[in-house]
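In what follows, subunit A forms one complex with subunit B and a second complex with subunit C.
== the complex of A and B ==
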């Protein structure tokens, strides 16, 4: 094992370690996707977004180490230690410093979210990513002059981590091992994405190992490396193909904490435990308001992902510790809205959704200021303002309200033109 | 002279120029993305444009520093001429392709090759050719990660490489940088390490 004093003297990864930690910490602090819900998985994933450039740093430093061995003709020279041991000695400090850099970012995100422990699956994935980048960079340094290997290591790892997520199909990003789109409070990290990225990382490591220490015949080395990489890529694609942009699955509903009060049950995630009583009170008030306004209100409200919520329950997400009472009423009103229709050329009934949202919020007890802020403004394309519709519904009979809600829900699913009088309030 | 051309790997540099120009002719070269929330929007052409400066840096790093230090010919100036020719040809060809509507990001790539050469020449006195090639890559990475400006279409002042190809100020800064790089190259020689060339 290389001595620390020697390592600090000769390894760039140590020269730039402190500036890298400071930069990564600062970058994490300006990350706009603030993990305000105190969810460790989301906060850890936000921290791993720094992999986009820490990966480049790691690969470039590893390329330098490979280049040193290449320039000194040490890699191919007879040696007591195996090539694997030599590579391990050169790469262990690189991986450790890069990992500490990402951990600094994760720590910053955890502090911002006000929570303690990170998600270990994401840290393990990050470690494997960094090992793959360092091995690939090391191989580039051994095979190419540093003048080429250095820029190549920086640019290739950056393109892999930052540009692949920007291209179609969206699920390609789940092969990169960086899961910055994970996770809302009702979601958990998808094991498929974790396994696919791990396979691709192992493919990169295997291909790099074959290139620098494979069969003597160059064609066999290159062919073997290509086959390894292609095999890993295909396996990864088979696992994540068809997923959405987010590497998520619904979170385990067994973690929900439910309370029943006055016939109304509300289930919240443990991260919202401190506000559960307040949420239950608001939900009860809103439900009573809806019943008075002749709106069919469910008796079960849950924060579970809509895809796993029990039938008949209202799935809502109370995102953000800074939510006001009006924000919570708004979230409940949004939860009542019909699902978006699957229209080939886009839905045409958006105005009905706006009117319904305003009506559910108003009937649920949103303050006049909140209504003006969230639903005020002119109606689109000559349609009446949502708050005008709300006033008309307040003055209407129960039968008129029910008929209007039924028609509005029907319009909200429209994919083609529909007659205007469908969403006007009339007896 | 032929030995110098051979050592500098001129065929590889010509190959890099050809590769860059062919890449620019592909529609994907104009694809732009904002890879980081705090970063600038970068065209793929900015990455493609690295090839020629890196090839030049590689070629110039192949020379034997001990041998060339006692050469009767001004190898130092030959290297600068080679860099200027390779980057100049790429720049002019990319601009011509833009004019002919063959490469939408031609002017962006043309400016980028000049910027990268400017940074390499500035870094040369401190680090030599071998390490100088990493400086443009670090600059590109910095622009992509934290080079965002007031909005998605306007990069920070120092990330002019991400500006529109017709942005006059960015071209002026590019010329100034290139001039400073040439000045630094001509006035300060790097310390010789005594190690063999890295080929």
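== the complex of A and C ==
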């Protein structure tokens, strides 16, 4: 538009800006989130989850701007300004308002996490996402009547941003630029997920540009756009195919801050620096409890991702800022558990894992209330309650405990039927 | 009368009737020179040595592009077409489908020739480096002036100026002057879409005046207007033509007025007549009451 005042008066993106800001701010404030725990990457990623709404809003507003030029027959007019400049003039306010909306959500998440600055890679990614959606919506508005282009822009972008991340295969979500499953404190954003979604975004932009400014022959335009989009999609799939649901890699362990006290080493992330002493005290207490209960306790406790933790170390996760001492003991107990054998549904030694978790937590000094809250409840498949098993283990001899723990760990790795007899505590 | 090859016609320097034709390079702008002294309008983009009012077509071929993969090649609207717009103000007469709109669209670079070149002075529209200057110099008003949804007249005129390369502030300021020239000052803050058809045409004209084009190409500017609006638009055109040469296409012979220095008749992508208004009128049979219609009818029926 020629003036800001004109733009504010005639562009829908400005009409709906304040409601959009309020909505995403509210949404970010209520969204149950992965504990960002003072970690900018996690908090920023949680804020970008609002892209599912903002992306649709952005695409629809861009479609309106495209339809404005379409109705006025200005797109193919012999202008001195290039079509790219004309599009930029129409879309810049749309992208900026949409970006501010996402930034509002990110700001709310940062406040909730008690952090100052967001992760700039995710903001850059979000900006590229918004540019892609605005260009695609703009192209739809130029090519189709708004009655078609508007709903199409809203529905297509919402499906892409909200539905695709929910379907199999799980790595498809990494093509969308939505990184809400990133990142725990021990993880960092996977570069290949970033690159893949950037390529797809560029593919969307290129395809849309070809559709509205490509060769005169319609078939060539459509063919070129399809080829561009397909090429970007294939490149993206090659990059993220086989990844898990999380677009993450282990965080650089060089950032860990380690302290050794009484033969026990604890390595924590910088975000936990203020609580390092408290963590050290709790770990020392838990370790002593485990030793008293005849549990082989490690001497190295690290917050590194388990996949990169040193052999013999206990990788501890999810020690959040708001966590209680019982939460931390529970996290340490969880860290002691054997790896998930990834059994087919219905055939698992998982019952043994539940009992082991309860036992490690109890031995580590978790309060009775904490035990009831985290491990209370009926046992599965006719098994005794985990806390009943815990009581039996407390009363058992060291040899019986060791024998039970050994059997339970073995059973936990077996994909067989419920191994009732194998994990029963025999006093 | 037999149709004539345009190239030989231009080369011969004479009209089909043997009258002198206003194609001399050093000719004066009849319509613009009428009141040169009163004109405060100076082209912003002309440069010394360039005559950015001199629009010429050289061996131009144009077909509308196929829109389907399996469609046959469409027949060309123009083929081997060479023509140089005469000095002054020109009216292009011709029936529907004669190629008038195509000619003006090519002249405005809204369309690109399949072959040949369209130039303005030294600027060749097919040269990338010339295109911006070419487009800045030519003002084109298509048959239908479209309101930009949501914009007032002033905003629409200013936006048109911006599209033609003006800065935002200059376009915003000049839009007032342009609307004043088309007598729409009172409507400047009304939505263009709410204006009458005649007022919208005037907005369309203001869109050309705002950036001070060197040459105006108006395609059927009075089509669809009621008689009162047409008369008003012609008066307006007369004022505008004092400052800038105008080429107007029309299929309505009563648009022909003494404003125009040259009359061109176009039919089937060719120009069977180019000459002065007097020469055109002379084509009519002696007893004709409506001389212009009679001249036109004589020419077109002879062509067909």
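We take it that the second predicted complex is superposed on the first by the 411 of 427 C-alpha atoms of A that agree within 3 Å, B and C clash if a C-alpha of one lies under 4 Å from a C-alpha of the other, contacts with A are read in each partner's own complex, and residues count from 1 in each chain.
Basically, a residue touches a chain if its C-beta (ideal position, glycine included) is under 8 Å from a C-beta of that chain, and two chains touch if they have at least 3 such contacts.
Worth saying up front: this structure is predicted, and the values here are computed from it rather than measured.
On the shared subunit subunit A, the superposed partners subunit B and subunit C are arranged side by side without overlap. After overlaying the two complexes on the shared chain, residue contacts for A:19 are found with neither subunit B nor subunit C. In the superposition on chain A, contact is made by A:10 with subunit C only, not with subunit B. Shared-chain residue A:150: touches subunit B; no touch with subunit C. Residue contacts after overlaying the shared chain place A:71 against subunit B and subunit C alike.
Once chain A of one complex is fitted onto chain A of the other, the partner contacts of A:162 are limited to subunit B, with no touch recorded for subunit C.
Using the contact criterion defined above for the overlaid structures, shared-chain residue A:27 touches subunit B, although it does not reach subunit C.
Contacts of A:242 after superposition on the shared chain: neither subunit B nor subunit C is touched. With subunit A as vertex, the superposed Cα centres of subunit B and subunit C define an angle of 50 degrees, given in steps of 10.
Of the two partner chains, subunit C is the only one that A:86 touches; subunit B does not reach it.
Of the two partner chains placed by superposition, A:312 touches none, neither subunit B nor subunit C.
After the two structures are overlaid on chain A, the closest C-alpha atoms of subunit B and subunit C sit 5 Å apart. Shared interface residues of subunit A (contacting subunit B in one complex, subunit C in the other): 71. Those residues of subunit A that touch subunit B in the shared complex are 27, 30-33, 52-53, 56, 60, 67, 70-71, 145-148, 150-152, 154-155, 158-159, 162-163, 165-167. Interface of subunit B with subunit A (complex): residues 33-38, 44, 47, 50, 54-55, 57-58, 61-62, 129-134, 136-138, 140-141, 144-146, 195-196, 198-199. Subunit A makes touch with subunit C in their complex at residues 1-3, 6, 9-10, 68, 71-74, 76-81, 86, 89, 216-219.
Those residues of subunit C lying in contact with subunit A across their complex are 65-69, 108-110, 132, 135-136, 138, 140, 142, 144, 146-151, 155, 158-159, 162-165, 168, 171-172.
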